[in-house]
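Next come two complexes built around subunit A: one with subunit B, the other with subunit C.
== the complex of A and B ==
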């Protein structure tokens, strides 16, 4: 890595001279290396793989099903119900937290360690650094979701079984269809999760404080969730970043409806774009010579 | 001087953003209508109930029960006559009638209590006198969960909202009062 580093002058805010030395891929590889060295990130991946197994085993041993959550009453009937119960739970705060652990820290840690000047002198432009860090956080979020979802679905099916599932219109969904729908439902959590990634990136850039960048998205998510359950806010509800976490419900109805999913795609895209744009502008304008 | 300008430059956009957000929230709240309506519940509840009732009939070994043969219909009301019939709440009451030769309905209908959430999902509980207790005995003599005792459902917010024109006479009660939200 150090062989490709050029000894150029530290970039000045707003300077856009193209640098031959550092490509985005190079900066990206470097960010990935830093992430891999982080014990916290490794723990998150390990927990995402192992925790679902333990939780499914505990749920399976429950004498009294958690009936106040969707699919809670069917935990002993089908493993697919357990996977969907866990998805409902994950969307409440687990997924925002798992992505924020990396995304909320990835910019602010440079402040914490006072390393902005160092990384910028490594012939990487601010734009390159921004995108490298953003892509790293996004890929990490997707990997975490993939591991968590796969572990949950597999352990649910292996521990509880692959019986047919009672859907959200009371219809019986045969095992094969249920498996596809459960995978699709978990996949639908990717977009709102990335929305939270971008929100955490914005908070990380803005506050320059890793603790705030990690905790605030979770708290904001919970506030949005609470707000969404109130009556009389129906017009705002679809625009909350937490609502798309529930858009998979339509897949489990007898007459599948995907309008909430489509709205969710738009909402997550808007949230992500706005958060990233503000974060980018903040980073470009920042006077880093101050330390 | 520069300090004041800096402070103003910093605060003004924030105040503007806050004012804009508040205005947007107020405007949106004012014009928003809930997806939870009487017509949508009246369409969804019989559908979900019928699917689960067919499951129950299979457990009990009752022959010839299908979604079509049940002809389930519902009439829903939120919080009594004084409350508008839309929006989430735990005070939704639906009267439902269906046709099952094994289970006659003495009052002509059964009263279901619904807890409807703002995410268009609800939990419904029916009268155990008509739909059986929490657990029922299947044809092999095993105790299993009664699928219609209490159930969850989610409806499509784009279901037609035109009135279903289902009228079910309120069952005769000792107090002769229409069902209210209180329990």
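== the complex of A and C ==
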């Protein structure tokens, strides 16, 4: 650097006056600004909108339907079956990955850029920063799910059609009812997705490593699914964060049952609360020695 | 002078396992003062300043800023305080201006005019729209000052602000700090450069391995500094040393590790000694100044140099002896 500085003295306040301080809304707006500026977040939203169209078109073009997959045998009969096939697939690792891309990075990126010391020497408290980042990650997850779900359902209906859907017990579900149930099924994925968002937040705070924060929730989700397929774990299976991704199955039976949905709400709430509580305490108690 | 101290730290200690990074440090900075915290790397300066900002919690002691502690008023303790720790960091994918806008939001917001004003003060108006990722180190340093000024501080805390800058950048940064101080700002500056502190500060605390070894004014420190040393190289150092003992008893002269002679005394005494050496027929091959007296004192205080720490300045030793 060799640029000279101005010679005029800066205006300096004569007395220390209490600052207005940061509001949660202000901190939230700042987090949203940073997120909008990140190409990665924009790509996720764009892919969530476009990828389902391509995938539905490919599935529709397949001569041999995946009969061993839930709703796989009906993909040429109804677009709603395609939307549900896609939901089953998305719940395995796509949804955890999409939310982790932001949630797993949102705290750790401050470590990566060394900016904790920059933001924590302002008027915003650690609590405000924590909740602003958490809300941002949660809203992003919901927006991604909304775009992905809407794109999947619309493209499935437009490409394959809105014929009646054959339910899990072989019953025929009229088109209008099927549409509502498919939307409800996609909406049910919001809860485990929020659970994975909170898990990614915890890993982001704990590891301070964006790569780990993004990849680990996906790996953990896969391990949970693998564990869930083992025998002798019936008591534990409902408490796995991946199980609520399947809770919509009861909606598609002849005699609908919603117990898995109710259990899923509880399980996701517990996972979210525990992850957020630990992450909050870690951030509050942390000494910022790096950067 | 206002009664409330800008900084009032008492008995501040921070330990990391067996390592005591900051040991019972007390430090008072009056409003309007330009205060230096001086010490070599690892002395605990940055850890102390991080505690001042609340980035690190002390294990013992209290820190009050303008009479208030974080435990009492939360983040409002930093009202009227601006600054940065080590090199300031920003979001590289945002422009300088967007970074400042965002940081202002964390303080309740700032007007566009105020943003323009602080960018102009640090001479970044022309580059304000560029992404920070493309800024040079010096530009980020100046953006750090701009971000600090956005808070309309009464106390500016700068941790080694000239670190990593080229000579022109150092000159500009020092000029900026002096100009801010001249405007009535209290400045708390950490540095490992005695010359920088001597040039800018009124008072100084010198730290060594986490402890304070000196508190006081620069003027007082200057008085206590050793005489300027002169390194003397001759064709016959043994004869030159003998001449010093015979004719210049007031001069302290010793051989350094390279066998050269180092003479300590007033300028008149050294001049007379050199004249004697040359008159006696001993060829003079070299004559140069050793480190500046204040720098020499700094090394004595912080490195346990061969001369040792002057006892009257060794606060740590005095505390231990108590």
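Here is the rule we use: the second predicted complex is superposed on the first by the 268 of 291 C-alpha atoms of A that agree within 3 Å, B and C clash if a C-alpha of one lies under 4 Å from a C-alpha of the other, contacts with A are read in each partner's own complex, and residues count from 1 in each chain.
Keep this in mind: a contact is a pair of C-beta atoms (placed from the backbone, for glycine too) under 8 Å apart; a residue touches a chain by one contact, two chains touch by 3 or more.
Just so it is clear, the model here is predicted, and its values are computed rather than measured.
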{"item": "First (subunit B), second (subunit C), both or neither touched by A:289", "value": "second"}
{"item": "Most subunit A residues touched (candidates subunit B, subunit C)", "value": "C"}
{"item": "Contacts of A:29 with subunit B and subunit C, given as first, second, both or neither", "value": "second"}
{"item": "Doubly contacted subunit A residues - partners subunit C and subunit B", "value": "none"}
{"item": "Contacting residues of subunit B [partner subunit A, same complex]", "value": "25, 28-29, 31-35, 44, 47-52, 55, 87-89, 117-121, 123, 145, 147, 150-158"}
{"item": "Interface residues, subunit C side, partner subunit A - complex", "value": "47, 50, 53-57, 66, 74-76, 78-80, 82-86, 88-94, 98, 101-103, 105-109, 117-118, 120-123, 136-139, 141-142, 147, 149, 151-154, 165-166, 168-169, 172, 175-176, 179-180, 182-185"}
{"item": "Partner subunit C, residues of subunit A touching it in the complex", "value": "1-23, 26-27, 29-30, 33-34, 37-38, 113-125, 287-289, 291"}
{"item": "For the subunit A and subunit B complex, residues of the former touching the latter", "value": "67, 70-71, 73, 77, 166, 168-172, 228-237, 243, 246, 249-250, 252-255, 257, 259-260"}
